[in-house]
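Two complexes come next, and they have one chain in common, subunit A, joined by subunit B in the first and subunit C in the second.
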Partner chain A sequence: MKIKSMLLGVVAGAIITTSGSTVAFADTSDKRIALSNNYAGNSWRQAMLESWNNVAFAAVHEGVVDAADAFTTSENQATEQAAQIQNMILQGYDAIVVNAASPTAINGAIKEACDAGITVVSFDGIVTEPCAWRIAVDFKQMGRDQVKYLASRYPEGGNLLEIRGLAGVFVDDEISAGIHEEVANTNFEIVGSVHGDWAQDVAQKAVAGILPSLPEIKAVVTQGGDGYGAAQAFKAADRPMPTIVMGNRRDELQWWLEQKEATGYETTSLSIAPGVSTLAFWVAQQILDGADVPKDLTVPFLRVDQESLEEIVKETPNGSVANVEYSLEDSKKVIQAAK
Partner chain B sequence: MNREHLRALLPFMSLAILLAAVFYMQPRAMSYFGLNLLFNLAIPVALATVAQMMILMINDIDLSIGTFVSFCACVTATFVQSDPVIGYAILAGAILVYAGMGAIIHVRKLPAIVVTLGMSFFWAGMAILILPSPGGSAPDWLRTMMTAKTPFLPVAIIAPIIIGLSMHYFVKRSALGVLLRGVGGNEQAIERSGWSVLRLKAVAYGIAGLLCVLSGMALVGLATSADANIALRYTLLSIAGVILGGGEFTGGRVSPIGAVVGALTLTLAASFLSFLHLSSDWQIGAQGAILILVLAARLIFTRREATI
Partner chain C sequence: MKMIENKIDAHATHSALVRGLVSFAKKQWIWAYFAAGATYFVTLLVVPTGGGAGALLYAALTFASFAVIVGVGQMFVVTLGPGNVDLSIPATMTLAGTLALKFMDTDSSLVVPGILIAIGVGLACGLFNFSLILVLRIPPIIATLSSSFLFQSLAIWSNRGLRIKPPEVLANFSTGGFGGVPNVAIIAVLVSIVGWFVLERAIAGRWISAVGQNQRAARLAGVPVNAVRLGVYTGCAVLAGLTGFILACFSGGANLNMGTEYMLMSIAVVVIGGSSIAGGNSNVPGIWGAALFMFLIVSMLNSYGLGAGVRLMLTGLIIVSVVALASRTGRRP
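After this line comes the complex of A and B, so read on.
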């Protein structure tokens, strides 16, 4: 993944590291890391496991660590995952990287792992047990970043249409709150808001329904998985195409690429890369290596922009999500940013 | 050694074989610490299994155990922790609801499988009402009890032994236990000899409810907090545990110690598969295969039983 560094997004992009690339490989060569995953039933999780296999297995091959085994529970249940983590303690792993079924229900097992001297790093599905490290997603920031991008394109402001996710879900509230907070600092005005349920067909229907009642729309803020549907709705209504922020889905990026080639259409796209599992892997490796890592880290967003679009579309399989695998240097940058 | 002995020994043999295999693959497990990690999550499963056994004993089946234990866990992590009086009142009320459920099933001649399935949605809803998002925390005494460092044997071994022996004494030796088994074996005979089957069934359900409450509390003590979906697996695990332990669906024929051993075997089977590094895609199937294997072994014994 040679383009990875330029994609690393807000955090990595903004930070200039001083640590360089001095790598203390030898210190962790006898350490064993396990991945405890609670669910593998959708394309995001499949991509997540694949990324782990690519990066962690390569690290084993190069002798950075001794083992990096991935375990997935057969049913998405907290008790099962707690038992799985206890088994990992018995198997003598030095670090456990966990995507948790529940933020609280496996705390007992996590605590037992910590007490046994094991480093626990949780990501995506994080745990609340204080002894574990957390690599969390800042969904609010995701909302803010969309508006920031739009504000840089249109300092004069304009009308925004907001497409929200699934009502009642915490992620939806967070992203939307971020958008609204940032809009207050700009000249934009949100003139309409619909729920797209993170699905293209639902978003298309919802946008088509509200469009006749709206004035001219400058841009559309989204939550991912809804940009393509919104574009189709605007096209069907024969309205001027606004700047639609995309969410890294392959169909969205494909559409953007076609528009870019046809009319020079410009936008941005951001979401969380499933490769965050590899970030967690390197963070665990760093902690084992003795690095001073803050307990709370934030996942950088994977951002696709006008220049990187072609390459990412080429690399993203149909029906999947744009992905990025993190390297040791990337993880050091993330750690540095959190300090 | 006669067939009855063989039958009773089978659950122990399955557990011993699995345990030997686990020790062979992971010698680290052969220690105080290792045994505790292997079996401590089996304590709530064992309690849920003997609860299920109470219901199977009177010829019914309970499909709400998983959600009911989750509900009890949620109450324990919230009310019992913050306002003990209200918390215990809710749990006591829940046990009464369980007993009432048994009474209604008997009086209205309703199929237990339908009533308990319906109740499972009720408990799931209540659990979400009490704890809308995962959280809560375990009462300190409970956490201390579940993580106690007992001499010689870890809690994870002592607790199942206590559960097994006390349930064995209750079911096999006490007068009430004999009557309850009688209800499952031949309801009419019990009724004709002047006992109230209604009351006995309510008692059986009430005891099952009490055991589920204990299971939920033990689970919170181990997990330190709760989640409305924390114990959903227990419904099927508990049924499998009873059958694996030598019980029958036909009522009256149960083995409390066998049920506890069955619960331990199921817990161990999952660990065994994970030590094997078996891919998760195969794990459910492999778990089923172990179950079928043990049940097939039992079938061989029962066949022999018929020929002798």
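After this line comes the complex of A and C, so read on.
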């Protein structure tokens, strides 16, 4: 009797020590998580995969989970991703973390995975299938926040140039809708709007094309990945440099830093950290662990301001995107906030 | 066209001026210039006076240049006949820009080797494309599309999407101008002149057109068909590599997705410029008209503040009209 209870005590103590030191529970140590990613062809996605490798592989190494494999489709096609998810079902993963090519087109495969008892967590590119969890970006808020910042800088208002993303994409419509909603509450007027396809060179070209027809521009609202191109176009046209809201790309931040040092240029920068993949990883781990997680979660924005600029430029690799990797604690906070 | 001809009948004059006008209007490529000019003036209606007109022209020349350089390469490929098109242009651009900028690593003393690397990458990509087409007998569309995955993956692998700035000298050169003309436009004009000479005045151009009109006949007539095709595909890839290099310097660094729009753009400027998509009948001047037009039409619709839907629809409609007009003119009476 005595020995038995003593043994129990040792076991309990061991469990407490483990949970106290590195991770909360060891219940997921035999679970296997897969990342299904639809695209890898830009710096944001590359940083996203790297963050996954850093955090998820470390978690495997520490024995939190058994496996955390990342797979990327080559052609950014929904059909291809659906096939990929079906393979993952056959391979017997316990959870699939997915950045989807389409919010609806892979719902069939997602449903199959759920029916097979697999936990599906979608993030960034979310899916509408109700059985999956969604870690969504509040894109409208992203648009509103930009205008709010500008309104606090210029209460008197002025002319805005809007650089949009890729026409016909949900994200582009949402950010733009947020911008327009908020502009209605201010003294700003949007005098021009171009599509920059979230690429510096396309944005540069589009802005250069519309600038001759525009009056003086007070500020430029953007969608990320297009701020530097806009700055280049203004410079080439020899126009006064407006306040350009940036999207956390290193070249944008670098340019901002140079302007800040030279002329005291002020602006702000916000975007989603590519490390959101690690948030999704921890959320999946928490669900496998039996935690009560609401189906809809929101990704926090990563914001760079005048004060934090130097530090973030230093931390961000040349040519990459400002990033944070989420910890288990961070993910618990996000889950708590959604309850 | 009809109107001009009626006029000629009515006046029954055969003055040199009218004859000149008629032969001018018979050129397929004139419609691209007409369209570019029209969009330019319609845009100017909403441009405030004072430097706006010049600024718009300068921007148009700058951005048209990139489309022209890849367009000249694509034009030669399209001339080779049905099914010949190079879809690996964007990937070649990305790979050349990425590797060259990574090698130079903002060091201005490495400019010359940097350019050589860009050209070398183009050369290698072209040779690879053609070896797929010739040795493995893969249709060009499939061959260039699949090799573009390979090139793109190489670019990703070599640099993980990191954007490296160009050396100061090159950044200043590519964004600068000389005598009111953008430097990139000067390069594009030089490329066009060489392209025009090869196509219209050199034996190589005759061979390319002959292959495009009838490959079997060309072979029987003693044209070195495979050598011609090899030259055209590598030439196209070298021009793509060069464009990737200049574009990367111009826009402050190589991006993994920087060439994307030039896949369709390179084909569009060839077709709108009045070259036959079926091959065998191409021209160089039209590429300039079409490239200017493609830039100006987006500027025009943006300046009028039209929504994305209307903008894309109008772009499509106008392009269809220009191509229809150009191909009508091209038909022999």
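In this section, the second predicted complex is superposed on the first by the 278 of 339 C-alpha atoms of A that agree within 3 Å, B and C clash if a C-alpha of one lies under 4 Å from a C-alpha of the other, contacts with A are read in each partner's own complex, and residues count from 1 in each chain.
Definition applied: a residue touches a chain if its C-beta (ideal position, glycine included) is under 8 Å from a C-beta of that chain, and two chains touch if they have at least 3 such contacts.
Since we're looking at a predicted model, the values are computed, not measured.
Chemist: Just to be sure I read the superposition right, which of the two partners does A:263 touch: subunit B = first, subunit C = second, or both, or neither?
Modeler: A:263 sits against neither subunit B nor subunit C.
Chemist: In the superposed arrangement, which partner chain does A:111 touch: subunit B (first), subunit C (second), both, or neither?
Modeler: first
Chemist: Hey, is it subunit B or subunit C that touches more of subunit A?
Modeler: Higher number of touched subunit A residues: C.
Chemist: Answer with first, second, both or neither: which of subunit B and subunit C does A:228 touch in the superposed model?
Modeler: Second partner only, subunit C.
Chemist: Contacts for A:77 in the overlay, against subunit B (first) and subunit C (second): which applies, first, second, both or neither?
Modeler: In the superposition, A:77 contacts subunit B only.
Chemist: Answer with first, second, both or neither: which of subunit B and subunit C does A:40 touch in the superposed model?
Modeler: In the superposition, A:40 contacts both subunit B and subunit C.
Chemist: Which parts of subunit A are in contact with subunit B and also with subunit C?
Modeler: Shared contact residues on subunit A (touching subunit B in one complex, subunit C in the other): 40, 74.
Chemist: Under the definition above, what is the set of subunit A residues touching subunit C in their complex?
Modeler: It is residues 40-47, 50, 74, 164, 167-168, 192-195, 197, 199-202, 204-206, 208-213, 215, 228-229, 232, 236-237, 249-251, 317-320 of subunit A that touch subunit C.
Chemist: Can you list the subunit A residues touching subunit B in their complex?
Modeler: 40, 69, 71-75, 77-80, 82-84, 86-87, 89-92, 102-109, 111-112, 116, 128-129, 170
Chemist: Could you pull out which subunit C residues touch subunit A in their complex?
Modeler: Checking each residue of subunit C against subunit A gives 43, 46-48, 51-53, 55-56, 59-60, 62-63, 149, 152, 156, 159-165, 175, 247, 250-253, 255-258, 260-261, 295-296, 298-299, 302-303, 305, 308-309, 311-312.
Chemist: Give the list of subunit B residues in touch with subunit A in this complex.
Modeler: 26, 28-29, 33-34, 37-38, 40-41, 44, 133-136, 219, 221-227, 229-234, 267, 270-271, 274-275, 277, 279-280, 283-284, 287
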